[in-house]
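Here it is, the structure, as structure tokens.
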Amino acid sequence: MKSLNRISLGQHYPVASPVHRLDARVKIIAALAMIAAAFAAGRAAGVVILFLFALAVIYLAKLPPLQVLSALRSVWILLLITALAQLLFSPGRELWRWGPLVITNTGLENGALYTLRLAMAVILICLLTMTSSSVDILNALESLLSPLRLLRFPIRDTAMVLAIALRFLPALLSRAGEISRMQEARGADFSGGRLLRRARSLLPLFVPLFVSCFRDADELGTALASRGYREGRGRTRYRNASLGAADALALAMVAAVIVLSLRLP
Amino acid sequence: MWFRYPERHGFPALEGINLRVEEGECVALVGPNGAGKSTFCRLINGLLLPNRGKVITCGMDTADPSSLAEIRRCAALVLQNPDNQIIGATAEDDVAFGLENFAIPQEEMRLRVEEALASMHLTRLRHREPHLLSMGEKKRLNLACALAMRPRLLVSDESTSMLDPPTRSETFCLISRLREKTGMTVIHATHQPEEIMACDRVLVLQEGRLVFDGGPGEFFEKGGPATEIGLRPPALFLLARELQAKGIPMPRRVLRAEEVAESLWASS
Amino acid sequence: MGLKLKGVAFTYLPGTPMAREVLRGVDLELRPGEICCLMGRTGAGKSTLLQVMCGLLPPTSGEVTLNLHPARGSRAASPSHVKHVAMLMQSPQKQLFAETVEKDVAFGPRNLGLKGEEITRRVTESLSAVGLDPGTYAPRSPFSLSEGEMRRVAMAGVLALQPLYLLLDEPSSGLDQEGRECLHGTLESLRGEGKGILLVTHDWEEVTRLADRVALLAEGNILLSGSKEKVATSVEELRRAGLQPPPLVEVLAVLRREGFKLPAYASRPGEAASLISEALGGGKP
């Protein structure tokens, strides 16, 4: 299917780079810390520093920069609204007026600040997903959230459910394609039409898809049980998730940049 | 190796099954769709429990919850649809999945994963995602996952049925060779005449009852159980039978064209 | 006259790193009143070929013509194609979705724009054609049926379109002997009605029983096409296609290599046995 082939927003971009090799846990912590710092920084300058650091990481990760920045395209409306809201409605020394619209100095600064923050958040998340496989991210989340087990939250099983869902996504998409072609062969037309009619015309697609999903889920349950999966029981892990020097260095650099950005006057 | 006593499961999926399979046997499980083959397979590893009687697999009773884990390690179940048995995000991860479940230590895991991948010729595909594998490769992956657990019994619920003939015979060949090498017991549910022919023993289920238990030659006899359930004998078997009728001695069991030719050569 | 493919090529996802050339230049013709069996390994492109023939996929190059009218890409754009060429993919029972068998079988005719009485008539006829009694089966839910019955309903759904050409992708895989017999009977009577049928199969027995012609797909091309005797005995082409000849042909081939005077082809074990025992000089009394 075509949609599986286009490099979509945030999809894993497998390339050998020092950033890709970092432990996913480090990347998650770093991304979240930087986003938090971006929102905590009082001045635009601080956020700019973080932004430049993010660009440096993009370069280090050998990711096509245009591709990453294009991620911003999907939120451009939000960025625009934020920018305009800050620009036009912040109190402060007046710089420019046109009829009822006023732009103040704080307006300019806040406009830049808020827009940059939002952009940063999007880019950092993108960086995370492009440099780590979804399996790695899930394992990392499972590991980071494992203290929640003390609160009897089924972390391991939730992670397993998510991992399986991820693994079956391509299969599900191709099954949907298969069924839609089967129905097209009987004269169904899934393109165009008014909204209500279109929704109804999708029934021949959704019903078989759901039915086959349920059947498969049943077999999958059998397979899981046969292969010894027991809910909540201890499992060893095949993939090594040990932290190395590079991870420590990365964390140190991120910490330094954050401190710098927050301490800027 | 594992026994059965009179038992009945569900309404009336299986009834009065009383049999015993010895270690190292290769048993074909035959019957029309809905006759209870799948139920039979799932009773062996304790996924289903009998309403009456007992199922003892690898010396352990499936009704005993504390033995279930070991039973599932010892008796590996391979299903028909390869996609619904692949859990891991890559081939390698999938083989490791079962080992992880049994808390096998990491060193041992690496060893077994290598071994299993190599025996199924999947080593160069280890990082491949499942949806990018061909059907035959997926089947081999299913088998690799089963093998990594070092089972003593392999239960296959029509695991060769979604393959084209060349892939099917390759897969079945792999299973046979494994059996020879490790002495593993195999219970193989199938519709394929050639595979039934290659087994030592044939069990026929019809409407939940065991109606035949004997050798493949007997099974395919004219007017025998095969005819009753509407299964055509393999072409070579029929040929051998016809030649025998014309006075040319033929072995009881012929699996390949060369065997027929050899017997003819010998008798000419 | 006929459903013709000329120089048809098809590449998946052209122009991307995932591009894959599946069909390279296929020439094939399906005529009314004949059953043509298409053989080839899984992955050789048989399903793709069927979809192109049916008008579901536009060929990257070459053309598909139906009675001299070129097909135009999507089925929606070629009304004559929809009316005359129908297809059943693998595991067709997966496409059932309606509340009753009747509604599901009526789906196709409804899409053709037919109304009321005509639809009911077609539903009844199609169900009977596949061996399902309309009275019993029409009001039932498709999901309450057995696998075999579901497949027949799917077939009925396609027959209700009353196509001139029928393209079937491994319709008998997974069926038990009884289901297979029923299917073969249906196909023979459809051929008798003058329909052209393309049947994708791996089963030499099925080929022996049904095929008027056989075509071998491999390496993106039709390697060979002709009578079943011709294809079954073309060892070299079969090898290139990754297929095995029928067991009887193999035995005859081995014996011929040893010097026995035997024909290359026998369709039945009895026939082969007679030929062999004659060649051996009558055997022992």
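Per-chain numbering from 1; labels A, B and C assigned in written order.
Throughout what follows, a residue touches a chain if its C-beta (ideal position, glycine included) is under 8 Å from a C-beta of that chain, and two chains touch if they have at least 3 such contacts.
Fair warning: this is a prediction, and the values are worked out from it, not measured in the lab.
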item	value
Topology of the chain contact graph, where touching chains are joined (line, ring, star, complete, other)	complete
Pair of chains joined by more contacts [C-beta pairs], B-C or A-C	B-C
Computed distance of Cα centres, subunit C from subunit A, in Å	46
Euclidean distance of C-alpha centroids - subunit B vs subunit C, Å	30
For the subunit B and subunit C complex, residues of the former touching the latter	32-34, 134-136, 161-167, 191, 229-232, 234-236, 238-239, 241-243, 245-249, 257-258, 260-261, 264-265, 267-268
Subunit C-touching residues of subunit A, taken from the complex the two chains share	2, 5, 178-179, 181-189, 191, 203-204, 207-208, 211-212
Interfacial residue positions of subunit C with respect to subunit B in the complex	41-43, 146-148, 173-174, 176-178, 202, 205, 242-244, 246-248, 250-251, 253-255, 258, 269-270, 272-274, 276-277, 280-281, 283-285
Subunit A-touching residues of subunit B, taken from the complex the two chains share	42, 45, 47, 69, 72-73, 76-77, 79, 81, 83-90, 92-93, 96-106, 109-110, 113, 129-131, 145, 149
Residue numbers on subunit A that touch subunit B, as the complex places them	133-135, 163-164, 166-167, 170-171, 174, 216, 219-220, 222-230, 233-240
